[in-house]
Amino acid sequence: MKKNAHKRQILKFAVLKNITRAALLVSLIALVSVVAFILIRGLPHINMQLLFGEYTSRSPSLLPAITGTLYIIVISILIAAPIGIGSAIYLTEYTNSKSRLIRIVRIAVETLAGIPSIVYGIFGYLVFVVALGFRYSLIGGGMTLAIMILPVIVRSTEESLLAVPLALREGSFALGSSKVRTIFSVVLPCAASGIVTSLILAIGRVISESAALLMTIGMVVNKVPENFASPGTSLALNVYYFGSHGYPEEAAATAVVLLVLVMSINILATALGKFFGKGELAHG
Amino acid sequence: MKISRIVTVMVLGLSLMLGLVACGGGGFDTSRNITVLAREDGSGTKSAFMDIIGLKDKPDPAGVIIQPSTAAINAEVRNNTTAIAYESLGFVADDVKKLSVDGVEPTVDNINSGSYQIARPLAVVYHESSLSDEVVKAFFDFMQSSEAQAIINEEGFVPVLSSASAYTVNGALSGTIDVSGSTSVQPLMIELAAAFEHLQPNVSVNVSGGGSGTGYNNAEEGVSDFGMVSEVFNSERAPSCTFTNIARDGIAVIVHKDNPLTSITMEQLRGIFDGEAGAAAITTWSSLITN
Amino acid sequence: MMIKAYRFIKARDYLMRAVFMLCAAFSILALACICVFLFVSGIPFIGRIGFSNFFGTTWHVDSQAYGILSMIVTSLYLTALATFIGVTTGLLTAICLFRFCPKRLIPSIRQMVNLLAGIPSVIYGLFGLIIIVPFLRDYVSPNSIGFGLLAASLVVSIMILPTIVSVSLDALNAVPRSYYEGSLALGATSEQSVFKVVVPAARSGILAAVVLAIGRAIGETMAVIMVIGNSPVMPHGLFQSVRTMTANIALGAKELGGDAATALVSTGVVLFIFTLLLNISFNLLRGGEKREKKRTQKTDT
């Protein structure tokens, strides 16, 4: 009786094991087919005109999107990197001071990380587009994304700062260095690779983002932006625009460009992490 | 071994998906439900269409598929045998079938004579002051020139100016003009822009879509020099702007090419597109096709 | 001289500390700003048009009906369905990768999954639009409508799959090996040990994966807007055009003005409150578990 139940349980789990294998297969097929289909549909339509040509409605070009994406990366990283790294330093190096503040900061960072990007989009629209009068502009979009990637930078920078051995700091203090000097000449150089990796991951997020930009930069797909204050578009936004405005081939081609870009950024981040022996940081 | 396994998995998955997608269907089954497509709120085509068929301010029927552009509507009707939709007549190509309404074919002549009723003006919306810019003014003049009227005619739209003079080229002109808005006006505007750029090689005209709502908003906020709208100008939506009609355009009711239906009545259209039709609602093709 | 230098260093220390503190405070400030701006523009509007209008079932801009109940319901259905499909497949995949698949394959699959986790959501949306929707329409749907909850759920579940696999695999790997070995030593089979010992031991990490999945599913916009059809009605089936809160915001973003635009902000407020509740309940749940120092939750949303 009991033995029978036992056998049945063993059998049940053996079946379950095979179900997990089926699940693995399903997952792989699903994910591989996404990439494969995008490549099959998009690759034949990639050409110089699409990438760098002049935009005409008959033969659209990604030049405005590429320029816009670069602008947005620059703006958001310039704003978010110093603030994010600064917060991470405060959270790790000054832990013994006001711990209450640190707890609130942690909660704020966690909460920011959980807010959907479309809500950032509304916020960016209300603040930058309307209240500050920037209208639809790359700078408004960049600032919105800066807030959005802040949690990414804070968290991964914090991790790489924590990975710096305490002994190094103590050694520096023992030699008479001040706290600031210790941070800048001992802790930060040691954590540099991790910080760079975190910034690369943040750039990946910026490139991938579309919903928040839809509300803030105007999706002007046909004009290369003149400066930070111009309205514009991004590669991810162009995938949506082309997809829903009767340019399916261009949409797939744009998706391929985006895919290659994001993949190479992730590979770069992983490689950097490995190179400096901190592979853990790369899985963001 | 490792690589061969991965490759096998990929090939299996791909061939499965490809095989399923590649097959096609045929024949028309009148027992199918009608798939109603509509444009988003803010679209000029939508408000004009609903207005003309007598459904002003009525909601869409439950479960319509909302598409954000004329091209997206066209793409879905082209591929979906059970679909019905409305779109700019100037946009309709051979890949979909346009229906006669109350026995009248949607043609430029019938719109001109007034016998095909579902038509609306296509207009540009702009700030009066922006015409002081000579490049903007030049394009504005061009849109009303005889060259433009010829293009309008050629593209399947109805010119609104009976007498127009030829456009005079100003060789010194250079600059950029931004036009955005209605996706119904967009294809026409692209042709006009191309012709204008041909006459004025140093001027570039950027045309982008978005919908009439975007046209109003962008013109009002000065984002674009001209906003395109595809309905009777509604001053509430761009209070500080003025407008000029550049053409008239029919709104065609379109179905898939395999659909045997050729004609539809206003009454039937109301049955299909009215969200509050109640018992008069038409939901299956068998109510329209009898044989 | 020495004292002067010392004072300078001391002052610099204080100054930099203040600067770092300001940086840290920025997150709080940003969060506060988001709350204030959203609530100040969104909440009074709900009061003005009436609670029953805003939480009604009719969204019809022309007649000032801004009811978003159907969109809330759709968002919840989509989240439930996508999370269910995604978590089930993802968790089983992670378990398989943890113990039941050839060791040689694991690193490459892991790397692939990590790479795929970074694919922009809009690409999944395009995949849905050009592949899944036509496929469902032509071969699966009983009414020739490919758009709808099923298409959106499939797209979103594929999208969240890599994250779930990655996070739950981390959680499984974080369980001390001795648990598994101990179970084996007691005579359990390998499968029993994994399902009865390791998986339950990793439940807080798996919970994190589920919460992450829910958060991404409820907040996803671009992938959803391309495949769900966007009709503002109550969902009654899988093959019916419906609209989520996120799609409502994005669809009207550039086309609407005046009251309708404010209604979009209010929709955003509701969505924001949902995600806040999700975060809070997760933190409470996690607080209820043993307070582990190790943060198993990853930063992806």
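By written order: A, B and C. Residues from 1 in each chain.
FYI, contacts are C-beta pairs under 8 Å (C-beta built on N, C-alpha and C of every residue); 3 or more make two chains touch, one makes a residue touch a chain.
No experiment lies behind these values; they were computed from the predicted model shown.
Chain centres here are means of the Cα atoms, and by that rule the chain farthest away from chain A is B.
Here A-C and A-B were compared by C-beta pairs in contact; the pair with more is A-C.
Centre-to-centre, using mean CA coordinates, chain A is 37 Å away from chain B.
Note: centroid distance chain A to chain C, computed from Cα atoms, is 15 Å. Residues of chain A in contact with two or more other chains: 28, 30, 33, 37, 218-219, 244, 248. Residues of chain C in contact with at least two other chains: 131, 254. For chain B, the set of residues that touch two or more other chains comprises 17, 68, 210. Across the interface of their complex, chain B is touched by residues 58, 60-63, 65, 102, 104-105, 108, 131, 134-135, 137-139, 143-147, 229-231, 233-234, 240-243, 251-252, 254-257, 260 of chain C. Chain A makes touch with chain C in their complex at residues 9-10, 13-14, 16-17, 19-24, 26-28, 30-31, 33-35, 37-38, 41, 82-87, 89-91, 93-94, 97, 101-102, 104-105, 108-123, 125-127, 131, 147, 150-152, 154-156, 178-181, 183, 204, 207-211, 214-215, 218-219, 236-237, 239-240, 243-244, 248, 251-252, 255, 258-259, 262-263, 265-267, 270, 282-284. Within the complex formed with chain A, the residues of chain B that make contact are 9-10, 12-14, 16-17, 67-72, 74-75, 176, 178, 180, 183, 186, 190, 193-194, 206-210, 221, 223. Residue ranges on chain A touching chain B, taken from their complex, read 25, 28-30, 32-33, 36-37, 55-58, 135-136, 218-223, 231, 244-248. Within the complex formed with chain A, the chain C residues making contact are 9-10, 12-13, 16-17, 19-28, 30-31, 33-34, 37-38, 41, 88-90, 92-93, 95-97, 100-101, 109, 111-116, 118-127, 129-131, 158, 161-162, 165-166, 170, 189, 191-192, 194-195, 215, 218-222, 225-226, 246, 249-250, 253-254, 264-265, 268, 271-272, 275-276, 278-279, 283, 298-301.
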